[in-house]
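These notes are about the structure you will find just below.
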Amino acid sequence: MRPIDRLRIAAGALASAGFAAVLLLSIGRGEAGGETAEVIRLTATGAANRVASIVLDIRLYDTLFELFAFSVAVLGVRRFLRRTAGPAVEESLVESHVVRRAAYVLLPPMLVLGAYLACFGHLSPGGGFGGGAVAATGVLLVSVALGADLLAQRFRDERLERLEAVVLVVLLIIALIPAAWSRPLLANLLPPGQPGSLLSAGTIPIYSVLIALKVFAGAWAVVHFFVRHRGEV
Amino acid sequence: MTAGVVTAVLLFAIAALALIVRRDLVFKLVALGLVNGSTVLLLVSLPRGIGSRPPIAAGAIPPTAADPFPQAYVLAAIVINFAVLALALVFVMMLVERYHTTDARRLEALIREEREAADAEGEDA
Amino acid sequence: MIAALIPLLHLLTSALCGVSGRMARWVAAASWAGSAGLIGLLATKVVAAGEVRYTLGGWPNRWGIELVADEPAIALLALLGLLHGCVYAFEWAGRREASFYVLLQVLVGAAAALTVSHDLFNIYVLLELMTLTSYLLVGFERRPAQLWASLKYLLLASFGMGLFLVGGAVVYEHAGTMNLGELAAVIRAAGDPPWVRLAGALLLTGVGVKSGIFVLSLWLPTAHASAPLAISALLSGVVVKMSVLEILRLAAIFPLAPAIWVLGAITGVLGAVYALFERDIKRMLAYHTLSQIGYALLALAGGSPAAAIAAVAYLVAHGLFKALLFLGTGLAARHVGSAHIGRLVAARDALPRTAVLALFVGTLGIIGWPPLDGFWAKELIGACCDSMATRVMLTVLALGTAASFAKLLPLFGVHRRESDECERGTANRGEMVAIGVLIAGVLFFGWSTPWWISGLRLSAAKLMLDAGRAVLIAGAGWLTYALLKKRWVALPRAIFSTEEGVLAVLLVFLGVWLAIGGGA
Amino acid sequence: MSRTILLAAVPVIAGYALFQRRRWVAVLGMGLISFLLAVVYALQGAPDVAVAEAAIGAALVTFIYVLAIRRTGRLTVVAPELSGLLFRQQGELTGVESELLGRFAREIGLDLTVRFAPYDEAADTLRRGGADILAGGMVADVPHGGLPTEPYLPTRFYLVAAEGGAGEPMRYRDEERTLRATLSSRGRLELDLVRLLALTRIGLGSAQVAPMDEEAGYVFIVHAGRPDLQDRLNRFLDRLREADELRAMAERHLG
């Protein structure tokens, strides 16, 4: 080990410890401002799940950019890993029928759970990002257990890519519509309905389902490309 | 101060140290993932934001419910963390394809050599 | 509403570019035209009313996302629109694949949203989105040097954003809001509680990583120098400035002035030194961006609102000539195969005339030759800045700039022999349009000075005096360069590795926290 | 209470995972921490965050990282399928190369995984680091994107011309499956001994065979970043050659 490395380790340890000390000593000193009660009154957008009403209504603007961050990630993975096709046939010498069976059994419930999380995100925990990712996890499970080929045969990347872009366009158009009624941009135009029922909270469930669709398609594509390029680092 | 805040700060410091000390890019990326994970934990565990019940109710929310705003914030942070980690990994894969190493210092040296060769060509001209 | 419409329009057209790959170029162009119109409309409103506020969805500011279009925001928006258009013109014949336009639209959309955003968490999301898109754009051509520079950028920037989010958490815990206006009110009401310094240091360090401060942004020179041509111009010209604008916003709320002054001075001097001893022109321009960020930070630390606006004016002026220089260098390098000054000078008869003209005007602009934009921007800063130390620093930096750019002078020399056998390269029409527009911007920036600071009076005598001083500094710079030319120094490059980058970020955080009195 | 215990485990796991040597431990450590944090979020009134952290942080991120890092403890071979050397028979892997690589992997304590792919894709996978070794009847006459070992078996080349086949002959290094079709489309091919045998089994038809006088030998191509592996494989092959096992193996599989 060179002296400069020792110096770096020492300096790094000191700096990290200093950082931790400064934060631990000053976070939480002084009282918390603002009122939580006000939060609860304000978030009555008709969605029982207040987090959903913040993410998809009050701060929808953030969520749109966040969705684009996800899209940019998918685009990057796609563009930089699409170049070559990976090996077509896998002969893995460790293969168990139990795992295969388990994957077949687990896939439908995972997809249903993902769909449930997305559709009922305004009533119970879940939401578009979680739902889409859970459903994609189901697909990922199958790709591990059955080998990538079975899934690769069903995988039509151009179609998925098109679907993702169309979902984004639809989302943005819904977000821009209120301007035509001279309401504020990104306002929730549909009636809030009866809180707690499926058809409530106006546009929140619509956004939730669209986001889940987008995240599902994007996560599937990402997983597909990483499966094809496995073991490269 | 809650246990979550203390954990978050410690996790941040440990991961930052790993970012400084570890030379292997895979370790660096894992450390970066943990840095971002610790900010999520910090936001959700703020003394004012924590509660024993989820902020979900058809009617009025019980006063013991957690503050929903930090939760909404961190959802974005989690998705962004995924995007960063996936994209970083893609570039690491492409660098490995060319240089067959994930050692940050070796990569730095190899790429600097190439650049200096190009510079020397310019000096001659 | 327009302030929100501009970024949303970019996002929408980015998605449309993804739907129809073949039409992407035209969709992007249409989007640029639309947003240029919207920026113009917003500018007239801001000029009339001073500032335009808008909260999305009609929610109260405390919870919703508030957008504020004020003068600095409009200035940077206009620069963004202009450079965005120039990038398209420059790349028009290149017919890049659709994903290039998708990424560029998202990047510009996020930058546009950032200029007007008045909400800490929204700023976090936008900064991260800008990081991700510029990461992919820098590595777009898949060259190893680009990939590596870009990866280092992502590691550091993402770490910095981690610090920023911790700062956001501290703010939310104590103020119960992420809105900048509400936050300022809470801080005023609470006196000066200790958490303000902690949050200020965390947020400043986090943004600082992205904004080209020397010790924090060691990723910047390699990333900007290795990016594709037009992308370098956009990143160095305007994207870095968005983070400087956020520093300006933070400085208005948190007591950060001493830390900003010190960081600005270090950035300015070290950036100038590295630029001076760098002979690859693209890299020299990138280092020089650091030096100029330092210049703007020094002005900004002056404290008065007028000084802040002068700093923004300087950023805009710098955006114009830096983009011009990047495009000119790129155009020349494309015909020579290298951006090294030795190769460029050796092949100067083969360089396209457009490139030489761009480099010539850009150089005059950057060294503050009257009456180009650099001169006027420096006048504005001089008029608002009264601290002696700052004035000395600014003069030193101007000298460093002049010395660095003296390297380019042999390119413009009168040719002793017009060799017939070597063919002169040419620029295509799009490239000429882009460079022409930027040259016009550099030449006529002076006309806009009355808008920046109302009541600014520059007497003819003072102008003459300053013009004389500018010429003197340029001459002194040339002399410095001539003296140093024979004593070349190889500056340490090890500091540009990632390990040291993260360490530097942590140390700067601790330093800033101490400098603004956090230890008390 | 349970929350505090879970939280206390997090820095410990992070400290261990980030400061040990195995990359897969670090990646799994990150996944485990994400999972623990998801449980913590569920316990402190943040079920939405728990769902997102579990599905994205714990599952998706960990999965792509586990996929991307090269499996230590596993020797990955990529090859065009070719009877006699490396091929599948009733679901079992067999052939000279299969036996050689299987013994080599056992000797150095690794599990063997074989992935079959057409030559171009196989070589690309090797170059990108998706495999440790390229096999399947390679001859070190072109770079292949890796480090060749010493030849383990001599071979010769034959010029095979389909009826009426003309044009520049192409050296065929690909799978057996597409051999016939390539011959009829290209007209003339240069084949090594094993591929010629394979073609004879499929049916030569009216094709003409003429030996070429080029001496060659079958080799394995090792990933360019693993000179250590190349060295070990060479020493292993030397030992077998001295014990005269290589020839016996070839006779058993190729006849």
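Which chain is which? They are A, B, C and D, in the order written, and residues in each are numbered from 1.
We take it that a contact is a pair of C-beta atoms (placed from the backbone, for glycine too) under 8 Å apart; a residue touches a chain by one contact, two chains touch by 3 or more.
It should be emphasised that the depicted structure is a prediction, and the values quoted were computed from it without experimental measurement.
Touching chain A and chain D together: B. Chain centre most remote from that of chain D: C (centre = mean of CA atoms).
Each chain gets a centre from its C-alpha atoms; the one nearest the centre of all protein C-alpha atoms is B. Measuring from the averaged C-alpha position of chain C to that of chain D gives a distance of 48 Å.
Put simply, the C-alpha centre of chain A and that of chain B have 16 angstrom between them.
The geometric centre of chain B is 33 Å away from that of chain D, both derived from CA atoms. Look at where the CA atoms of chain B average out and do the same for chain C: the two points lie 25 Å apart.
Among all residues of chain D, those that touch two or more other chains are 47-49, 52, 56, 60, 64, 68-69, 128-129.
In chain A, the residues that touch at least two other chains are 8, 11-12, 15-16, 19, 23, 27-28, 32, 34, 39, 49, 51, 54, 59, 62, 66, 69, 72-73, 76, 80, 125, 127, 129, 222, 226, 229, 232-233. In chain C, the positions touching at least two other chains are 63, 121, 125, 128-129, 132, 135-136, 139, 142, 166, 173, 176, 499, 503, 506. Going by the touch rule set out above, the chain pairs that meet are A-B, A-C, A-D, B-C, B-D. Those residues of chain A that touch chain B in the shared complex are 8-9, 11-13, 15-17, 19-20, 23-24, 27-28, 32, 34, 36-37, 39-40, 43, 48-51, 53-55, 59, 62-63, 66-67, 69-70, 72-73, 76-77, 80-81, 123-125, 127, 129, 195-196, 222, 226, 229, 232-233. The part of chain B that touches chain A in the complex is made up of residues 1, 5-6, 9-10, 12-14, 16-17, 20-21, 25-26, 47-48, 54-61, 63, 65, 67-69, 71-72, 75-76, 78-80, 82-84, 86-87, 89-94, 96-97, 102. The touching residues of chain B, counted against chain D in their complex, run 3-4, 6-7, 10-11, 14-15, 17-18, 21-22, 24, 26-27, 29-31, 33-34, 37, 40-41, 44-45, 50-56, 65-66, 71, 74-75, 78-79, 81-82, 85-86, 89, 92-93, 96-97, 100-101. Here chain A touches chain C in the complex through residues 8, 11-12, 15-16, 18-19, 22-23, 26-35, 38-39, 42, 54, 57-62, 64-66, 68-69, 71-73, 75-76, 79-80, 161-162, 164-166, 168-169, 172-173, 175-176, 179, 183-188, going by the rule given at the top. Note for the complex: chain B touches chain C at residues 12, 16, 19-21, 23, 25, 28-29, 32, 35-36, 38-39, 42-43, 46-49, 69-70, 73, 76-77, 80, 83-84, 87-88, 91-92, 94-95, 98-99, 104-105, 107-108, 111-112, 114-115, 118-119, 121-125.
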